[in-house]
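Paired with subunit B in one complex and with subunit C in the other, subunit A is shared by the two complexes that follow.
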Partner chain A sequence: MSNLDDIRRKFYDNSDPLALDSSSTSGAGGSTAIGPTRSVSGSGSSTAAGSSSRNAPYPNAQNRNYRGGASSSYRGKGRPRQGGASSSSAFASSNDDTLYDDADDGGNGRTGRGGGWNGGGVEGFDYGQALRTQDIADVDMELGARAREGVQAREEEETDVQKLLRAWTNERHAPDVLPTKDELLGSILDEIRRQTNDVNALRAAEDLTEEDHYMMMLVQTEVERMKFVVRSYVRARLYKIEKLAAYILADENKAEMHPRLTTAELRHAQAYGGLLKGHFDATVLNHLPESQRGMDDEVPMVPNMITEPHKDKPVFFHALEDCGQIRLPDGSGYLVQKGSIHLMRYRTIEHLLLRDEIELV
Partner chain B sequence: MTSESRQLGDLATQLVTESRRSSATDTLFKYNDPLVRMIIREQRGLEELVNASLRDTEEIDPSQVSPSAIIHQTAIARNKRCLLAYHHHRISFLKDLFWAKGGALSHILSNEEIRANLSPHEVDFLRSYNSLVVEFRSDFTDELDITASVSQPPKDIHALVRVVRDCGVIQTELGTIDFQKGQRFMVRKADVEHLITQGYLEEIQS
Partner chain C sequence: MENDYYSIDAILAENQKVPCAFKVDIPDLGYLDGGSEKDIKASSKSQLPFWLTPVLLLSDFADCILPPPFSQRVRNALNAEATSVKLSSLVGSGGLWYGFGRMIVHVIEEPYAKDLTNVLVKTFKDRLVDIMDQAQHFGALGNHAGGGGDGQKGEDFREGLDGTERELFALAQASAKRTKQWYESSDKTRR
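The block that comes next holds the complex of A and B.
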């Protein structure tokens, strides 16, 4: 029964059960106040493990080597309030005490710095003077380095759910297929599985109060909503991949596009491309004379037969870091400060999105 | 119907207009096989014209291309593009329909109205596409079903539904439920979602 009590306490203690509603408000700001944060997906140290399994399909999620395996908080935000540094979850094989100690040190160190960069803008940097006297390139380099620091710090402090929501909105707004985030997806799927198992285990308990029932319903609703987000993310990617199947499979784009897809997605793209081509062959091309059977005609003043991603689409984006000067198509520079929102062609800000310095809204 | 009085590319424009009308009214028309065949025949005719004019100019001056060859070649390219666009449009329509029904292929193919409008190639395409999707889906089915609805996030885990068509005995989390026409049930959304998208159950907004 102690297992079930632990689960119950875990569900009750976490003060905001519906991550979707509260994550945007009490995100990084709230967590620096509480104390050291533990990110379930792990920060720089585990990305090495993450990137090696990057191309593995999702079924390997359970074998994935990431720090969150022993986390007692299913959102990675709160620390266990039962006291004691180690995870007290009955399901955890808590041989990760040393990792938690590291996270403590990292967290404490970060809180100090967190206060510094949380204030808007880069402190002590006079933009006016920079544009007049310093070389633009120098400014860019310094801001670029600070932006990368900011990205790193933000990545370590955010919860999985926030990252998933951001990846989801980005994927829906971008006209191109963005790099896959499959270790993030793997850990989210693991969370979902863990939470459903916990709730199912709790259901078997005999002494459930009415409050317990409501709590379980809330937890299940949250699981359903997270499943919706994952579903929508996967389907958005699949739609774009199918639309750009010919572009992805073309030889000259291989180096750029193939790393952005998971193995399953790549396999699907190849199979779908073949299927579509076969359909065109059977209905049209095989009935035409030999010379007309190509699928890569280049006719002047007519768009290319292979649909390319529409990179001139205007997108709204919100700058999460100071991005410095952006080169606009007519050659002029445009200063983007942290926290500002702009509308630009996707092409001009694509490189910032890939570096995680902006998010599409 | 004399073919002399028709402009080059007229037939192709008709095909494209049909596609436009189809997306405007959101219905799938019958596969216009006769029109497609006429265009293909026109293509062959054009190809012969081009070859003939290239042969003629070759004798005179190999580096020049006669204007009529250019015109015919442009017409060939345009016709081909229109043909492919028409087929691609129909395929996208079918794919959207497929995903809207939650990936239930048999449901689409048994629907007489739709089935009557498809060409056999399109039916083959749908079947192969279905097996592609099933394979992709199998990566996720442990946790979630990616073909379920993505139109709006779920606010509640339970839904009040009314049975519109008999679906027989269905296994749910709360046990086996026998759905008879006209009855109302409070069930978990996840269990009955596929029935709602296929039209057997109707969700009651309360």
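The block that comes next holds the complex of A and C.
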């Protein structure tokens, strides 16, 4: 049947972005491996975790990763991240060119190689010259414009899967709820459904070779992985929403927080917040005198009873574009170049994350 | 253990006694001291839990001094060799020395706050190497009771870990164990 042959050809050709996309799904055991690789004495545990997929060609890597039960990450061929440099040194990670090591994808503007003052950074942009002759504000605007172009170029070239994986790691590392990626999730779910239907249709065919069976198993594994990532993403958001339910429902935060949630999430936050408040009232607050019943007391030295997002949490981030000068809490500026990795408080780089110019790692 | 009202870690860390001296008379609250007095007299010393102190300090009812876990004597010992100090004997076996230190840092003024912060950071850095080393060693070898030559020293160190360090130790040990299991399982099936 020509329909089944089409499906078969699609899977074998690797033209479908969800099926067997080597650039997006090969790589080291996911975010759980990032923890040990970052620890101080990590030599023991990091080589253990990293060697699971070091230098392995794609099909073997997939089998090994799946048995380890690790979720997939799109980070290159398994070299453990050397990053986590302290914020006081503009320390560009030198093995950056393997971070986005796509087998098929050469010469991509995303493979940022963070360099020193000379030669690194945006092409054709002479920092020295610019800082001497222009105002800092002008330089920043120029860099801002270029950064936005970079972001847009990247938007168009990336596959949905890569975007989802990045959104997933960002959501897991950020202490605050990030803006929702509704359409992205929708298209990924569509792809999953389509692929599952295709495989089911193929199953019904009579003339299946051994190779066909093997191929279908790989495709289904891929689908399971994507379902895991989607579920984990939604779970991470849900955890944060439940934790910050009172904060989200407070009046002064409405304008900021409500656009970041989908309608379903907002409804859940309201229901959950209502239940929690009811519980507190019934067990504790109603037994106190009238004046002590509020939850929004401002007592010095005691944290607010409405849990606020912990924006001073330190996060590692990887700069995808040149971000220019960032204002640090003590007032000084700090230059962030494309491809470099730093450790800073979430508060200082939050605006960059919302503009998609950096990603959390 | 962020700045969260509901954080259990923060509540546990605050559960330490701090010596305070009252500045005014407080009628009818003599039972706080565990004594038999009816009132608290001015300039009488007592040990109060740390979570009471911000209110007392702000309303100027009492004065507090640096609690014993962070005294000069302890600092000297930490300076000499951080790994040999038993943090668990300073704050009790379930106590959180680092957590308590962080809470104090928010309350006291510069430059003492900066000093204390540096002490905390340096101690943590020095002890971390030993914690991780011991965790990997025991996790990878399975259930070796002595673990080589320095069994006694290792045990002493492990007893002296405070709450945060104990958690780290447990996590690292579990992680090493699971890695080892994973290695062995994949070897078998490859053959």
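Everything that follows uses one rule, which is that the second predicted complex is superposed on the first by the 255 of 361 C-alpha atoms of A that agree within 3 Å, B and C clash if a C-alpha of one lies under 4 Å from a C-alpha of the other, contacts with A are read in each partner's own complex, and residues count from 1 in each chain.
Just so we're on the same page, contacts are C-beta pairs under 8 Å (C-beta built on N, C-alpha and C of every residue); 3 or more make two chains touch, one makes a residue touch a chain.
The shown structure was predicted, so the numbers you read here are calculated from the model rather than taken from an experiment.
More residues of subunit A lie in contact with B than with the other chain of the pair subunit B and subunit C. Judged by the touch definition given at the top, the superposed model places A:Ala250 against neither subunit B nor subunit C.
Look at A:Phe228: by the touch rule set out above, it reaches subunit B but stays clear of subunit C.
In the overlay built on the shared chain, the residue A:Val151 is in contact with neither subunit B nor subunit C.
By the touch criterion defined above, A:Ala282 lies against subunit B but remains apart from subunit C after alignment on the C-alpha atoms of chain A. By the touch criterion defined above, A:His310 reaches subunit C but does not reach subunit B.
Of the two partner chains, neither subunit B nor subunit C is touched by A:Leu335.
By the document's definition of touching, neither partner reaches A:Ala205: not subunit B, not subunit C. In the superposed pair of complexes, A:Val302 makes contact with subunit B and with subunit C alike. In the superposition on chain A, the residues of subunit A touched by subunit B in one structure and by subunit C in the other are 302, 305. Put simply, subunit B touches subunit A in their complex at residues 36, 40, 43-44, 47, 74, 76-77, 80-81, 83-84, 87-88, 91, 95, 99, 119, 121-122, 124-125, 128-129, 132, 135-136, 139-140, 142-146, 148, 150, 153-157, 189-190. Interface residues of subunit A facing subunit B in the complex, by the touch rule stated above, are 57-59, 189, 192-193, 217, 220-221, 224-225, 227-232, 234-235, 238, 242, 264-265, 268, 271-272, 275-276, 279-280, 282-284, 287-289, 291-292, 297, 299, 302, 305. Taken together, the subunit C residues at the contact with subunit A in this complex read 2-6, 10, 54, 58, 106-107, 125, 128-129, 132-133, 136, 140, 172, 175-176, 179, 182-183, 185-186, 189. Residues of subunit A touching subunit C in their complex: 36, 39-41, 44-45, 48-49, 64, 67-68, 300-305, 307-308, 310, 313.
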